[in-house]
Each structure stands twice: as C-alpha cells, then as structure tokens.
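Heads up, the thing below is written out as structure tokens.
Going in written order, the chains are labelled A, B, C, D and E, and every chain counts its residues from 1.
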Amino acid sequence: MQILQYVGDRAIALPPEALADALARQEGTLWVDMTGPTAEDQRVLAEVFKFHPLAIEDTLKQAQRPKLEEYEGYFFMTLHAVQATAQRGTSVSLQEIDLFCAPRYIVTVHPHPVPALEEARARLGRAAGGQRVHADYVLYAIVDSAVDTYFPIIDRLDASLDRLEDHLFRRPTPRALDQLFHIKRSLLYLRRVSTPLRDIFNVLTHHDSELVRPQTLVYYRDVYDHLLRITDLVDTHRDLLTGAMEIYLTVISNRLNEVVKVLTVVTALLGAGAVITGFYGMNFERTFPPFAWRGGALAAVLLILATWTAAFMVFRRLRWL
Amino acid sequence: MQILQYVGDRAIALPPEALADALARQEGTLWVDMTGPTAEDQRVLAEVFKFHPLAIEDTLKQAQRPKLEEYEGYFFMTLHAVQATAQRGTSVSLQEIDLFCAPRYIVTVHPHPVPALEEARARLGRAAGGQRVHADYVLYAIVDSAVDTYFPIIDRLDASLDRLEDHLFRRPTPRALDQLFHIKRSLLYLRRVSTPLRDIFNVLTHHDSELVRPQTLVYYRDVYDHLLRITDLVDTHRDLLTGAMEIYLTVISNRLNEVVKVLTVVTALLGAGAVITGFYGMNFERTFPPFAWRGGALAAVLLILATWTAAFMVFRRLRWL
Amino acid sequence: MQILQYVGDRAIALPPEALADALARQEGTLWVDMTGPTAEDQRVLAEVFKFHPLAIEDTLKQAQRPKLEEYEGYFFMTLHAVQATAQRGTSVSLQEIDLFCAPRYIVTVHPHPVPALEEARARLGRAAGGQRVHADYVLYAIVDSAVDTYFPIIDRLDASLDRLEDHLFRRPTPRALDQLFHIKRSLLYLRRVSTPLRDIFNVLTHHDSELVRPQTLVYYRDVYDHLLRITDLVDTHRDLLTGAMEIYLTVISNRLNEVVKVLTVVTALLGAGAVITGFYGMNFERTFPPFAWRGGALAAVLLILATWTAAFMVFRRLRWL
Amino acid sequence: MQILQYVGDRAIALPPEALADALARQEGTLWVDMTGPTAEDQRVLAEVFKFHPLAIEDTLKQAQRPKLEEYEGYFFMTLHAVQATAQRGTSVSLQEIDLFCAPRYIVTVHPHPVPALEEARARLGRAAGGQRVHADYVLYAIVDSAVDTYFPIIDRLDASLDRLEDHLFRRPTPRALDQLFHIKRSLLYLRRVSTPLRDIFNVLTHHDSELVRPQTLVYYRDVYDHLLRITDLVDTHRDLLTGAMEIYLTVISNRLNEVVKVLTVVTALLGAGAVITGFYGMNFERTFPPFAWRGGALAAVLLILATWTAAFMVFRRLRWL
Amino acid sequence: MQILQYVGDRAIALPPEALADALARQEGTLWVDMTGPTAEDQRVLAEVFKFHPLAIEDTLKQAQRPKLEEYEGYFFMTLHAVQATAQRGTSVSLQEIDLFCAPRYIVTVHPHPVPALEEARARLGRAAGGQRVHADYVLYAIVDSAVDTYFPIIDRLDASLDRLEDHLFRRPTPRALDQLFHIKRSLLYLRRVSTPLRDIFNVLTHHDSELVRPQTLVYYRDVYDHLLRITDLVDTHRDLLTGAMEIYLTVISNRLNEVVKVLTVVTALLGAGAVITGFYGMNFERTFPPFAWRGGALAAVLLILATWTAAFMVFRRLRWL
C-alpha cells in the first residue's frame, strides 16, 4: 500500500498507519495505491474505508468489464490499461485497475504493478498544486494515463497489419493467417475494454455528475475524445482485417488456378510426348515406310518438339503461362 | 412442494397444509418451491395464491423467453439456469425457472430439480436474518445463483474453442467442424436466455421498481453487471468462432493447394520418365547409334535421374516442395 | 358474410339483412366475417360501416404488411396466419386477415377461408359470456389464434434444419442446398409478417390505447410475449441456417481435398507402373543383362508391387488414405 | 412551364404570363410543372416565387437524396420516381422530382418528362374538386404516383431473381452472376431513394406538420405504408440475393468436385490400360509363357476390360459416377 | 499567419502585429489562418487568444477525429478536406483543419497548405459584405469548401469501381484485387471523417446553437444535406465493393472449373492415345492378324482419331468445351 497526499503545493508520502488520521482530517487529496490487494489491504478497504462488500469482492476478481457504480459517498470504477506482451508483437495483455473515488481520496487496486499508474504519479508530480488537491483531477490523471496506453498498441497492430497485407499479396502463408488471427483477437480485447469505458465517459461528460467539477469537465471531455478515437480506430482495423482475410482467401484461390494451369500444361506436354513415342513404338516396323526410315528417331524428336512449341503457343495465347 | 419461511433469524420448513395460514399471517418471507408443477401444485397456484390463469399456463409450458410481467399484487418472472450436458462438453441444457414474487413470498416452479436453487437455499441459510426476511433479497439470491451457472459454461466453451483453434492450424478435420458448430449452437442458446434477462435487470436497476427496495438495489446492480459480462463474453466468443471458421476454410484451401502441387510434381516426374522410356522404346533400334550402344539402358536411367533432379530443383525454387 | 352476435351469454348467428339493425342497437359484440370480399361485402363495408375508401382498398389487395391504423371511430389492422404448404414441408403460405375493430363490432376480411378464424370462433364459443361481449376480447381471440399458427411451422422448420445438419455432415448434396434455401425463404417470410406485428403489440401493451381495456391488457401482453418468442426463434434459426450453409461449403471443400488426394495417389501408382513397364520396353534387350534374364517379367512385376507398397506407405503416413 | 389551376370544380390551364397574377389572387391551388428547368423557369423561381438560392441550386443538380426542408413560407422536397431501363430488364433509372410546396401552390421541377407526373395529373383530373383545391392533396397525388412506380420494378426484380435461382440450381453461368450483380445494384439504388423518403413520411404522419391538414393525413399515412412495404421488400430481396449468391458459389464448388471425380476416374481407367499394355510391351517375349501364347492380345484386352469393370464398380460404390 | 478582416464591404489583410488591436476593437470578422502552427503561432494562440492548452495541443497532433467542443467564449472544431494522392488514383489523403470560432473571429490551423481554404477565401471574396461580416457565414464558407472536396474523390472511386467490375467479369487479376483493396481503404477513411462531421451538423442544424444565427441556419442545413449524401454514397460504394469482391471470388472459382475441365479433356484424349499406341506396341506381333496387317499403322491412327472425335462429342454434349 502506497499513500500519497497532495496538500497545497506539497506531495507527501504517508505511512499506512497515518491513513485513518489523514482521512479524518479531510485535507487535499489522498491517493492510496494497492498492489494485490493483500489481506491487510482488504482489511483497510473494509474497515477504514468501509466500502461495500460487493465492491471489495470485485477488486479480488479479475476479468471485470469497465464500469462506474455509484455507492453512498463514493464511486467504484473499473478500467484497463493495456500492454503488448513480449513474445508476440500482436498480442496484448489487459491490466485491470479498480478505483474507488470520493471527494477527498482515490483508492486504486490492481493485482500486479501497472506502468500507467507510475506515469500518472509522474504527471501529478509535475501538475500545479491547485489542480491536484482535487480528487477529480487526480482521477483524470490516472484514467488518461491508462487510456494513453492504447495508442501505441493500436499503432503496432496497424503496422503489423500493413506488413501482413503487403506480404499476403506476394505470398499467402499459414503463418500470416496465424498472425491475422492474433491481431483479430487483440482488437476484440481492445474493443471489449474500450467501448464500455467510452460509454462511461459519454455519460460523465454529457450529464451533471457529482464526480466531476465543471472546471475539470474539459479534461474528461478530452479523455472521452481519446476513447472515441480508440474505438473508431479499432473498428476501422477490424474492417481492414476482414479485407486482409478476404485477400488471403482470394490470393490462395488465385494460386490454385495457377497451379492447376501448370498441371494442365505439364499433362498436355508430357502426354503428347508419350503418345508420339508410343506411336513409333508400335509393332508395325516392317509394314510402313516411316519405321524403316533411317532418320526416324530424329523425325520423332522433331515431331515432339514441334508439338510442344505449338502447345506452348496455345497456352501463351490463353495467358496460362 | 417445499416451503421455507424466513422469520426473524429463523428458517422454518413448513408443511403444505400450513401454507394458507402462513400467507394470511404476513410475517417474514415465504419461499414455496414446486417441482413439476404437480396437479396439487397447480391447484395451490390457482386457489391459494389466486394467480392469473395465463401465468399459471406459462409455468406448464417450457421454452419460454426470460420475461418480467407485472400482475396485480405480484410479479411473474421467467429465467434460466444452464448446465453442461454430460455427453458432449460443448452442449448446454437450459433449466427454466418460473417465479412469482410478492412483498411477502416467492414461488418458484420448474419441471425438474435445479441445482442453482439448492445453491440459493444454501446461500440464504448463511445470509443474515435481517436480509432474508425481505422477498427482494430472497429473489436476488435465487437469480444470482442462476446467473452464476453461466460462467463455468462460458469458461468451458472458451477452453474448447482455444483447443480447437490450435487444432485447426495443425490439421482441419471434419470432427473439429462438428465441434465448432456445437459451440455455435450453445452460444446461440446462451445469448437467447441471457440477453432478455440483461434487459430486464437494466430496467429493474435504472428505474424505480416496486419489486426492489433501494437498499437492495446494489445487489441487483451486481447481477446486472454479471449479465452484462455474460452477454459481452458470448458476443466475443461468437466473433472468435467466426474467426475459427474462417481459419478452417482457409487452411483447407491451403491444403488443397499443397495437394495439387504434389499432384503436379508427381505428374511431371513420372510423365518425364514415361516419355524418356517411350523414346528408347521406339522401333528405330537398327537405324540410330544410341539404340545400338551397349550402355544405352544405363544412359536412359541416368537421363531420367538427371531430368528428375532438374525438375526437383525447379519445384524447390518455386517453393512447391 | 357470416355474422355472429355475442350478447349476454348467447351467441346468435344473424342473417346479413339484420346487420344494419344490430349495428344501430349497439348491444354486445358483432363479429362480421367476410370471405372475398364479394361485391356485396364491399358495398356493406362502404355503405353500412362507412369505412374509409383507402382501408376498403387495402382489403382488396393482398401482400400487405401487418399494420394498425386508427380511423375516426374504428381501427384497421392487417395481420397474417401461416400455413405449411402441402407439397414441400419447408414452404409456408401466408393468409392475410384484414380487420376492422370498433367498441361494438369486429369485421374480418380475407380472400380465402382461414382455419385460424375457425379456431377463434370455437374458442369464443367456449369463452365466458362476460368476456366475449367486449370487442377487445374478440379481437384478442382472433389475433391469438392467428399467432398460434406460427409455432407449429417454426417447429417444423427446426426439425427440417436439424435433419439437414446431420445430413450435411455425412453427405452434402445439391438437394440439401435446395432445402436450406427453402427454409431461408420461409424464415424471411415469417420474419416479414411477425416483426411488424410484434412492434404493433409492443405499442398496444406499453401505451394507453383506446382499443384495449385495462382488464384485457394482460391478454394482449401474452400475445406480445408470443410474438417476441416467434421473432426470437426466427432469428436464432437464421443464425443456425447460416451455420448450416457454412458447414455445407466447408464439407464440400473437404471432400474436394479427399478427391484430389485420391487422384494424386492414382496418378502416382499408375504412373510408376507405366515408367517401370516402359523401362523394360526399351530396345536394349541385347545390350544389358536384365533384359536377357529369364525371370525378368516376374522381376518387373515384383518391382512394380514393391514401388506400390512403398508409395502406399508414404501416403498412409501423410494420412492421405 | 405548364400551369394548372384547380379552382372550385374547374381545372384551368394558365399561360406563363398569368402566373404572377394567379399567385397574388390566392385562389384554389396552382400546380406549376417545369421540365428543365429552363433559364426562364429559373428566373420565375427566383423572381416570381422568390425561392432561396440554395433550393434553386438544388433543382439544377441531380443525384440529390430525398429530403424535406422547411423554408419561410414554403417547403422544398426532393423525391424520385423509378423506371426500368429498356436494355436490361433488371436495371432501373431514377427520375428526380424537386418540389416546392406552399398552402396555395405546388412547383415541380425535373430535368426530363416524368410519366409519374402525367399519372398524377390524370388522377387529379378525376378527383373531387373539394379535394384538389388544397395543395396538400395535390402533393399527395404527385408523391403517391411517384411511389407507385416502385412496385412494378420490384415485381420485375422479384421475377428475375426467381428465374435466376431456378437457373442457378441447374447451371451456374457467369451471365447469371452478371444479372445477380445488376439486381443488387438496382436494389441498392431503390433503397437509397426509398429509405430517406420513408423517414420523411414517418415524420410527416407522426408529428404535427404545417404541410398536411388533419383530414388529408390519412392519405399521407397510406403513402407511408406503401414506403414501408417498399423498403421491406427491398430488404427481403437483398437477403434473397445474398442467398442466391451463396447458392452460386456452392453449386460451382459442387461442380468442381464432380469434374475432379470424372478426372480421377478417367486417369484411373486410362492409366490402368497404359500399365497393362505397357506390361505386355516389355521385352521379355522370349522368356516367359504369356508372351508366346497365341491368344495373348485377346487376354490383354480382356484383362483391361476386367480392370475397367472392377474400377467402375468401385467408383459406383463411392457414388462418384 | 495570414489575417483577413471583413469589415463593412471591405476585406482587409492585416499584419500579425495588428491582431491584438483588431481583436480588441470587435469589428466585422477576423479570419486568422495558420499553417504549421509555428512557434510564434502557438504563442499567439496561447497568449493573444488565450485558448485552452488542451485545444492548442490538439492543433499540434494530427489524426484527430472530427469534433466540435465548446469552450468558454469560443468553439473548437476539427474537420478534414480530402485530396486524391497523385501516385494511385484510388488513394486519398486527409487534410486536417483545426478551427477556433467565436462571434468575432475564426482561427484555422493546419500543418500544410490546404487548397480548400484557398477556395473558401475566393468564395468569401465574392460574397456580399453583409454576410461575411458574421463569423458563422465565414465558418460556413470554410466548412462547405472542405466538404465539397469529397465529391470529386467519390466520383473517382465510383469510376474506378465501375471499370474494375467490367474488368473482373472478363479477367480477374491480382492487380484488380489490389485496387479493390485500395478503394476499400479509401472508403473507410472517407467514412471515418465524414460520419462524425455529419453528426456534428445534425446537432448544429436541429438544436439551438450559439454558433449559428437563425438566418444562417439554412446554409448549415445545406452542408448537412451534403454530408448526408456523402455518407450515403460511401455506404452504397462499400456495398458495391463487397459485391465486386464476391464477383472476383466467384469468377476465379468459375475459371478453376474451366481449367480443370480442360485438364480432364487433355488427360482423356492423350490417355486414350497412349492406351491405343500401347496396345499396338504389345509383343504379340507374330500371334494375331492385326499386327501383321500392312495398313496397321494407318488403322491405329484412324482408331485414335475416331476415339478423339467420340470423346470430343461427349465433352461437347456435357458443355465442357
């Protein structure tokens, strides 16, 4: 548990024991960040903050959907930061952040350390004291840092998709299909966490809310605008992905046509050769001039070559070669 | 018919004869659970509870859609628990629960025993007496137990789909197609029963309702949140399923290309061999040096091998082998 | 023209001449059922009932969309009963019913006799006199009888689809494709007549309406619930149909792979045989030991068999056989 | 410019010079119909009627979307009649009609003569004088005549689609594909002009409008009902078209399977013949009994025929023939 | 930075230094156009205009979504002009324009020169002085010029698509697929920038807005109508594109059928020739009349030709040739 208190122009790190006191004093804004939460953290949530058991239960389970719930005296919010997983450039992992927000404090709970929260802390460190003493600005800094983690991921997926498209036109491989499918999965995950968050911010910025003061609203509108762009980009990329999939299937069908044309040409040429050599292999050698002719073998070879040249020209004309 | 009365801190099992009395006394909450319903149960519904004939008719027919209907003095609700069927891991069976709910009693009717109701009874056994003496909390316990049966099913479908995807990239079999189709059917069933229920809870939690007291609303919001996640997950899995289907088709097309390439290579190599041996089988043996040459057969074999090696290298370069 | 008057507890069949009188007396409910409508019927609609020319015109044309229009003093409604056509189990025919409804009378017009109306008459015969003296209850009986004709059709389509799916996995025939397409058409027709009707009943049951008295509303809600289930089932079946179509295409692609593999195996085995026999047919009989060897033909046969066995094992390992 | 004035029971054709006067007198309804519009027409629109430059500009450009715009003192409406083009039975051409409508006059502008307007003029000639002296009834006659041009086109597309479906099951030709695509394009055009018009009439009939008097509303509701049916039919046909496209692709895949099966049978039969004749062509004639046998050739022929019969029966059993 | 002041009937170009003064005097309308924005421009935005830091930040980043945000005393709008890129006729580039709009001034910011703004300047030069002294008319001129850049692009895509469709029916090449995909991408980009802009104008024209005076509203409605047409056209073209893609795939499948039929014919004809020549090559020359017959070779040739003619007629009848 890491406790920061923004009072006046100062940012003070408090020890856990000082929490109850600081809460009672109602001064500036307290940001309590819990990684885990540990058993002690859970006790604090239940006994010091007196949060509702259903909300505390939600901080213990992952795979929640972004949501904003109003309880008496505080709000509970779930949102996600995203991170590219190291192994595959096109896979993403979601980092759930559970948030309690009241006029004087913010409590963030997450199972593992989240870089976006480090970023938010750094940003708040640079912010004016007059802004960060209000909980809604601290909340903005946290949410905006989380939302900003979406853009590099989308850029990365966009670059992968671009590369794959070029690749698909030249050579459609099963590996490319595998990558397309990974991008699809990632886009589905991004959409699942960005769309509900966008709807939450739509409500926050278009209706009066106890959570946000009028003078901070412009910052929330900015986050909403970012979320609109994210969901827009995700949808556009889904469309492009579908297009890439269609290219894949079409290019494969095209290739099959090419291969079968080659097969037909091979069959025609070698078959013609077999018929001609078979003809001269018939047992009529004593009955017909050509079989007696000295230059017969040469004639046969020439006949085969002439047939091949003719067939070649026919296939050329058909544009099969 | 199994009757439980939650009064004060006690949970009392009542005999059927005591029902009319207990209803008249209006004390605590009565939960009447009917399996069937038997002819006697139907008589009780009609004569003791005086429910509307249309609602009683609905408890006799299955394959209802989740719904919430207000009658004078009580509500009628239909919802479903789900269960994986034993034979196929990816098939689900729906268990319809019909509910009558009034301020002092809950009546549940279902054709077969439903494990989710057992679970609800156990939960209520552990609940505080102050909560379970209100019908809306008892209703919450029942509905939440039913909704919680969806998550293990979805996890199971998710695992099956994951396994299938891996399988499809390696070897697309008709059996996998069959399984994909079963998962699709199960997702359709889940969606058909979860989406209307979600809409019902959306109304219950966002509008004033006679059914739910303000202090219980937070529990209903939790159920609504679960239902949102369920419908979300079902939709995501439908998208993934479509993707898996596309992989299936594409991998099959890919394989066909490979097979036809092999066919072409086989045709080319064996056809070339046939032409060469045919050539040396022509009846010009007395007219041309090569046919007289002692090492002719060896030369023919070497010629065939040389042709095969050349063809092999050409196909390698084309990446057909 | 068939006229029934429900007064008090009696149901009286009136002759056409008595219609104007009965209308003027305003007693109980009149149900005037017209098949055609004949020229005389049209005269009655225009002169006795004084309906609007546009509404009368609509009773003459078929292929209308379900609708509910309010005119001064009466409502005009169009809805459809459905019937399976005898020739093809999966085709449906729509039976349009045009309805005029006022507080004291119902006029139904349809080009051919409609079994659903017989059913409604029978139901009304069994209904309590207190109910059927109100036009809204008579209207309910008619509409509910019509809507109940949808369920057996949907069950039939469901059974056909189930049978087809099983069939498709085993053997995809063009006849199955033809049947899939017929089911698709039938579902489209059902959706076209059930969706607007559902919307009409949504309005009727959720808004105050002059057409329905509060005490009859619960019956209309029941019809609305049936229509919700019908449109739900139709949509689910459309999804299943799409799935069946995908199976069809995929199974065909799979089969093609199998056939081409057989072709490749046949080509390889017979081609190898041709090369080997061709080799021993070369004209080097006097120059090389094997051609002189007595057991040469046997050796050739053995060589061919050995080659075939080896090829067979290779294809087995590739799982092509 | 053709001017008709409906006053009392008379319909008077006015010369262009009399227009300003007639407008000033405010008697009955004036219908000014302009084909072009010519430079003189444009002058009249701008100077006599004093329409807004933006609206006049819209009458000069085609390819507008149906719309209804309110200006001070008049409405501007754009709608389309449709016509089948002569060359291809499944192509449609759109005829844009721009309309100005005020309480005392209607001005219609269109680049070429529109048969639907002739039809409207004939209908108004037959209408009662009391109706046609009001601009909203004249507007109704014009719009209804235009909307009625959609039904024969849709019937025609329906018949084409029906014919094509039958055709596709028997023989899928590229020409059929071409026709499917033409029908698709036509349906897209119809939807583009009917959907916005339907929305306009939805607003006109469900909200109070200065444009329509209450007693004329029933006619506008009839047009709205026609438009609902048109958009409904267009959507149903789009679904059927997609189905036809799927049939096309599936039938082609099916055919390919058949062709490849024939190829395999041909390869197997002729290949077997080549191996058998090759076997008897081997140079072991002096070393082995069969080659010396007198009836050898006959035996070879019988062996080939036996092999073919066996292969034929195998393929029959596989249902490849 | 280019500053234009529209006062009375004059249009005055102001030097940057005069800006603060002109702003303070509040006379006519100021249009400040910034290309970049340069560091000096940013200073002016922040210190002279005192815009909100979030809005200024948005002018520095590209790839924004069209939006309209209200700040205290001014509006911030983002929209896009489009331009065909020179290299590929079917690719488009978006030119983002960021706009600040207040009752007395308009500030436009864009990274590169935008031809649409030149066009707007020319239009305003021709406009009546009474119109251009109001900021909402200047804004209209700018937005309308930007929106008008969409139509030539869509016409170009339409022409490309038409050409491609014709092309696809005759010869489906991978290059055509590549072009289809480029058109798809362009349509996606156009939709992404036109749809949100349409929604903004829907709000502007249907609700009271401080931005637009009632007398200018008609011009904004015209822009909204253009945007409706653009999004309509984009959607229609997306449907046509999908159709073209389906043609592509179907024509390829059709071609494959043709190629495989040719392969089968070739295999049948050459295989038959091989069997016949093989038959006469069997070593029974001394045992059976035909092998001794003088005209044997001629007979063999005739037999081959007869077989080929028969096969040819069979394939003709099957319509394979």
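Here is the rule we go by: a residue touches a chain if its C-beta (ideal position, glycine included) is under 8 Å from a C-beta of that chain, and two chains touch if they have at least 3 such contacts.
Bear in mind that the values here come from a model prediction, so they are computed numbers and not experimental data.
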item: Steps needed, at minimum, to go from subunit A to subunit E via contacts; value: 1
item: Mutual neighbours - chains that touch subunit D and subunit E alike; value: none
item: Subunit C onto subunit E, rotation angle from CA fit, given as a multiple of 5 degrees; value: 145
item: Centre distance in Å when subunit B and subunit D are each reduced to the mean of their C-alpha atoms; value: 40
item: Inter-centroid spacing, subunit D versus subunit C (mean Cα positions, whole Å); value: 25
item: Residue numbers of subunit C (touch at least two other chains); value: 249, 253, 256, 260, 263, 267, 271, 274, 278, 281-283, 291
item: Sequence of chains encountered when the ring is traversed from subunit A in the direction of subunit B; value: A, B, C, D, E
item: In the complex, subunit B residues that touch subunit A; value: 165, 169, 218-219, 221-222, 225, 228-229, 232, 236, 239-240, 243, 246-247, 249-251, 253-254, 256-257, 260-261, 263-264, 267-268, 271-272, 274-275, 278-279, 281-284, 287-288, 290-291, 320
item: Contacting residues of subunit A [partner subunit B, same complex]; value: 52, 54, 63-65, 67, 69, 71, 172, 174, 177-178, 181, 184-185, 188, 192, 245, 248-249, 252-253, 255-256, 259-260, 262-263, 266-267, 270-271, 273-274, 277-278, 280-283, 285, 291-298, 300-301, 304
